[in-house]
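Quick one: the structure is below, questions incoming.
A, B, C and D label the chains in the order they appear, each numbered from 1.
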Amino acid sequence: MSRIAFIGLGNMGGPMAANLLKAGYSVQVFDLSFAAVATAVAAGAAAAANAAEAVAGAQIVISMLPASRHVEGLYLGDSGLLAVIEPGALIIDCSTIAPACAQKVAQAANARGVDMIDAPVSGGTAGAAAGTLTFIVGGEAAALERAREVLQAMGKNIFHVGANGAGQVAKLCNNMALGVIMAATGEALALGVAHGLDPKVLSQMMAVSTSRSWATEVCNPWPNVLDNTPASRGYSGGFGNDLMLKDLGLAAEAAMGIGASIPLGELARNLYAMNSQAGRGALDFSSVVKLVAKDA
Amino acid sequence: MSRIAFIGLGNMGGPMAANLLKAGYSVQVFDLSFAAVATAVAAGAAAAANAAEAVAGAQIVISMLPASRHVEGLYLGDSGLLAVIEPGALIIDCSTIAPACAQKVAQAANARGVDMIDAPVSGGTAGAAAGTLTFIVGGEAAALERAREVLQAMGKNIFHVGANGAGQVAKLCNNMALGVIMAATGEALALGVAHGLDPKVLSQMMAVSTSRSWATEVCNPWPNVLDNTPASRGYSGGFGNDLMLKDLGLAAEAAMGIGASIPLGELARNLYAMNSQAGRGALDFSSVVKLVAKDA
Amino acid sequence: MSRIAFIGLGNMGGPMAANLLKAGYSVQVFDLSFAAVATAVAAGAAAAANAAEAVAGAQIVISMLPASRHVEGLYLGDSGLLAVIEPGALIIDCSTIAPACAQKVAQAANARGVDMIDAPVSGGTAGAAAGTLTFIVGGEAAALERAREVLQAMGKNIFHVGANGAGQVAKLCNNMALGVIMAATGEALALGVAHGLDPKVLSQMMAVSTSRSWATEVCNPWPNVLDNTPASRGYSGGFGNDLMLKDLGLAAEAAMGIGASIPLGELARNLYAMNSQAGRGALDFSSVVKLVAKDA
Amino acid sequence: MSRIAFIGLGNMGGPMAANLLKAGYSVQVFDLSFAAVATAVAAGAAAAANAAEAVAGAQIVISMLPASRHVEGLYLGDSGLLAVIEPGALIIDCSTIAPACAQKVAQAANARGVDMIDAPVSGGTAGAAAGTLTFIVGGEAAALERAREVLQAMGKNIFHVGANGAGQVAKLCNNMALGVIMAATGEALALGVAHGLDPKVLSQMMAVSTSRSWATEVCNPWPNVLDNTPASRGYSGGFGNDLMLKDLGLAAEAAMGIGASIPLGELARNLYAMNSQAGRGALDFSSVVKLVAKDA
């Protein structure tokens, strides 16, 4: 089995690495947080002192980082990992970043004889823990085949949507639609409640009607409609408002770069920005409902 | 079994009446279109010369009309049906109309000893034909119980969401969210396609991810992604753009009446209005994607 | 000189009546507020016990009321003023109301031999006090000529924009554009300030550039950019957020009634609704800037 | 008097250079268009074979280019002008570009002993021809003083709004507000006309009311309301839709970079994007009114 380096052990990366260990892989990890590294070591990982040490001898390098600049910083530049990753290795970047950044790093990797795929995920922290993530992959088909077994240890669905960067584009399309759907579902529930409807009954109806979505069925934004939702625990946990804001910003940049119009997507971006300014940036993104329903 | 009067045999009312006949009910029908009446008669209905004749002797009166003014015109006023419907009868209005109008007609009905529920539907023409509609009911619980058997002959799910008018509010909440979701899904697909993605692959990924919805899975707005969608037959059939525009207008009025904010809902209303002005008012509402994707 | 009845002595009506008195007119006044009546009486008006008494013997009846329902309530119905206003009199309604309501009351007035014009105003409380209001008139040209001298005692500009109701439509067009311009100016100032610009210098530049407007030059939404603005006194005084919200609601209704699209106008409506929900409904409408700039 | 190099002789740069020549300056020009160079030569300029030749011996270098990438390409890189501009010279960049780009080039210039100010303009082609432009300047006060005399030969107002990049931020604030104001004015006129109002009378009223703006008074978007507007000549000439789209994109990037919300600004960006997709990208930006008024 391949030796794997895993860089970035946050809310997503941590459980993903744990699933690789469970599947029997040898995994060298690095993260700036000692606590995160310690958790991985307890699960069987080998700790590396820095990212360069982590990739030494690895056939597969997986990164799960917050934003484009972290990915560029990790791989490119004089002290970037591309200078030390062995030719013939494969990089799987699971971060959600700008498509242009994914293409840029992939080109630099290819120039050094290293394969790379962008493989951002859908499924959230729950999917990461359960090993049921969806991987949305951009890159060469052959590179994906090399990655498939490893991806299957962390997820359930794999979609190959195109060349390098395409995974990021598709992820942004999904998250943009999700951001709009969540905020629109919040508007609908707020409107119903303001007219005296029971949010639970309204949600049950919507969940089997044409407006059904992950936002009504799984992560309902109204408190106490479903158990185990961020909304039912003060909007804690889940997918942070400012992460959705970041993804909608990436979608807007992707649209502006080609003159596309995404009127609902950009309005949603502004709603999440206002929600952040209202002090809810660190809460789950479903807290955007509070913009239109003070009592939610 | 109750004798039923059915007023309004359009794209929805026609198949609904047919399902009542199939279930063995005696149904007297009226519609301004001779062709619609003829189809119902062929299926076993009795034709009435006018609405008043249709309700003579009926214990249950069902109406399925385009807008508030038609419902008010049918029941209220000097020559309205409330003057001839027998006390003790039950009115089931399945039209999608303003909640205030539903309340007004119900009050007038009650004053004459006639029960009434508002029971707008979700499920479209396909659901009407298959007898799998969802009924979203506002009114007294006892009145709903009187209607239940009849509703079950036409649909699968029945939600009792509150007092008279509440069915309309809930329907508007569903359709508002649906209108936003459809247009946002169109934006996401258009953004992906403009970046070189295959709309079919992108839709398949979204359909199992967090942005999944009726708009990705059932009525995908991109041509040739799914069979049997309006989009795959030139946006013909389905739920007309101008009907969605009407519903979003009703939602906006419901919001304005109580000072609520529905930023995405009202932006969507404007998108469907622009789509109508672009000459696509009679096409399926998923044609709104053409606003942001000329080649769709 | 005509005897005038003046109904509605609020922030606008009070100073308007005072200007009529200054011009030498005999004015009978009515308002639900004793204090408002007392102020008018101190300025020379005659107090009436109710609206019907106020219009007794008046050739001209002026009303300045909050909303459509007040105007309908005043003139129509069994105890409405149309039952007691003398045939041959002229009604000048200066309220900002729904165009359809203005038309309805005018028709009822005409049916009783009473002329009527809708004459909503622009210029705010400052313009009302200074007698520099702009009157935006709908109705017959002959009726406007009968009113002209009286209007000139209260204002500076008179625009005849069409038949009954047209004054209201034009007023809504103005206020809709104003509502958008104010919020957009707030966005621009907030963006500049967040990038380190001085709001005063930025405003001075904008005030002589292509984005110049009443919002940069007269009622700047940023505190302490101009003296004597609501923004510089905690957003008190001025034109209330909820009045702008009302006018944008009327504009939205006017658009929905004919299938028109006003995407920016309806988005602005939602911004003012959110500003109201944030507790700023009674403040000047320029406080909408606080939605995008917490420190403003 | 200083010797000036002028790079970029388009619709704006051409007349600006002509005004410098009129004021007696010695001007060496370069543009990729022979015709543009020939016009400048006929007005007294000296033609240079390329940009590097144009700046030889120049104390002041003025650039007026379409976008960030052109400015970066002109000054930076191995064959960029900074390698040949004489230390002690002053660069005045009048292009509208990203603030971050203006800062980057200024830093590189300073590192080589060259002063630089960003001085984007407001006033359009008419202002460029008449020498009445407004310059919105970011950079050191001392550098602005060196530039002042030259700027006064091309414009009327000079605003110093902050350090390098601040001129670009302020310009974007102005143009973002302008973009919203123009589209909102179009919505208001379209709404009025759809209700039977005369666009000329409505515009005259608005122009002296609280919604007055450059869009009602100078560049009215409705055809034949004012003479000499783009709208009155088929939306030709003026400030192109796609240039406004570019500026709104820069404003959106400036907002996203700091998490700011500009809901109206981004909606306007989408309206201009849709107007471009409708085939009106090269027309004046006031043609955005056609999105909501087919007959305009």
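Following the convention adopted for this analysis, contacts are C-beta pairs under 8 Å (C-beta built on N, C-alpha and C of every residue); 3 or more make two chains touch, one makes a residue touch a chain.
Which chain is which protein? Per UniProt: A, B, C, D = 3-hydroxyisobutyrate dehydrogenase.
Just so it is clear, the model here is predicted, and its values are computed rather than measured.
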Validating interface symmetry: for the copies chain B and chain C, is the fraction of residue numbers used by both over half? Same or different. same
Counting C-beta pairs in contact, does A-D beat A-B or the other way around? A-B
Furthest chain, CA centroid comparison against chain A: C
From the mean C-alpha coordinate of chain A to that of chain B, what's the distance rounded to whole Å? 38
Per the C-alpha means, the centres of chain A and chain D lie apart by a whole-Å value of 39
Residue list for chain A, restricted to those that touch at least two other chains: 255, 260-263, 267, 271, 274, 277, 291-292
Going by the contact rule at the top, pick out the chain A residues touching chain C in the complex. 263, 267, 274, 277, 291-292, 294
Listed in rising order, chain C residues that touch chain B in their complex are 242, 245, 249, 252-253, 255-256, 259-263, 266-267, 269-271, 273-274, 276-277
Per the touch rule above, chain B residues touching chain A in the complex are 99, 122-124, 134, 136, 157, 159-163, 166, 169-170, 172-178, 180-181, 183-185, 187-192, 194-198, 201-202, 204-206, 208-214, 219, 251, 254-255, 258, 260-265, 267-268, 271, 291-292
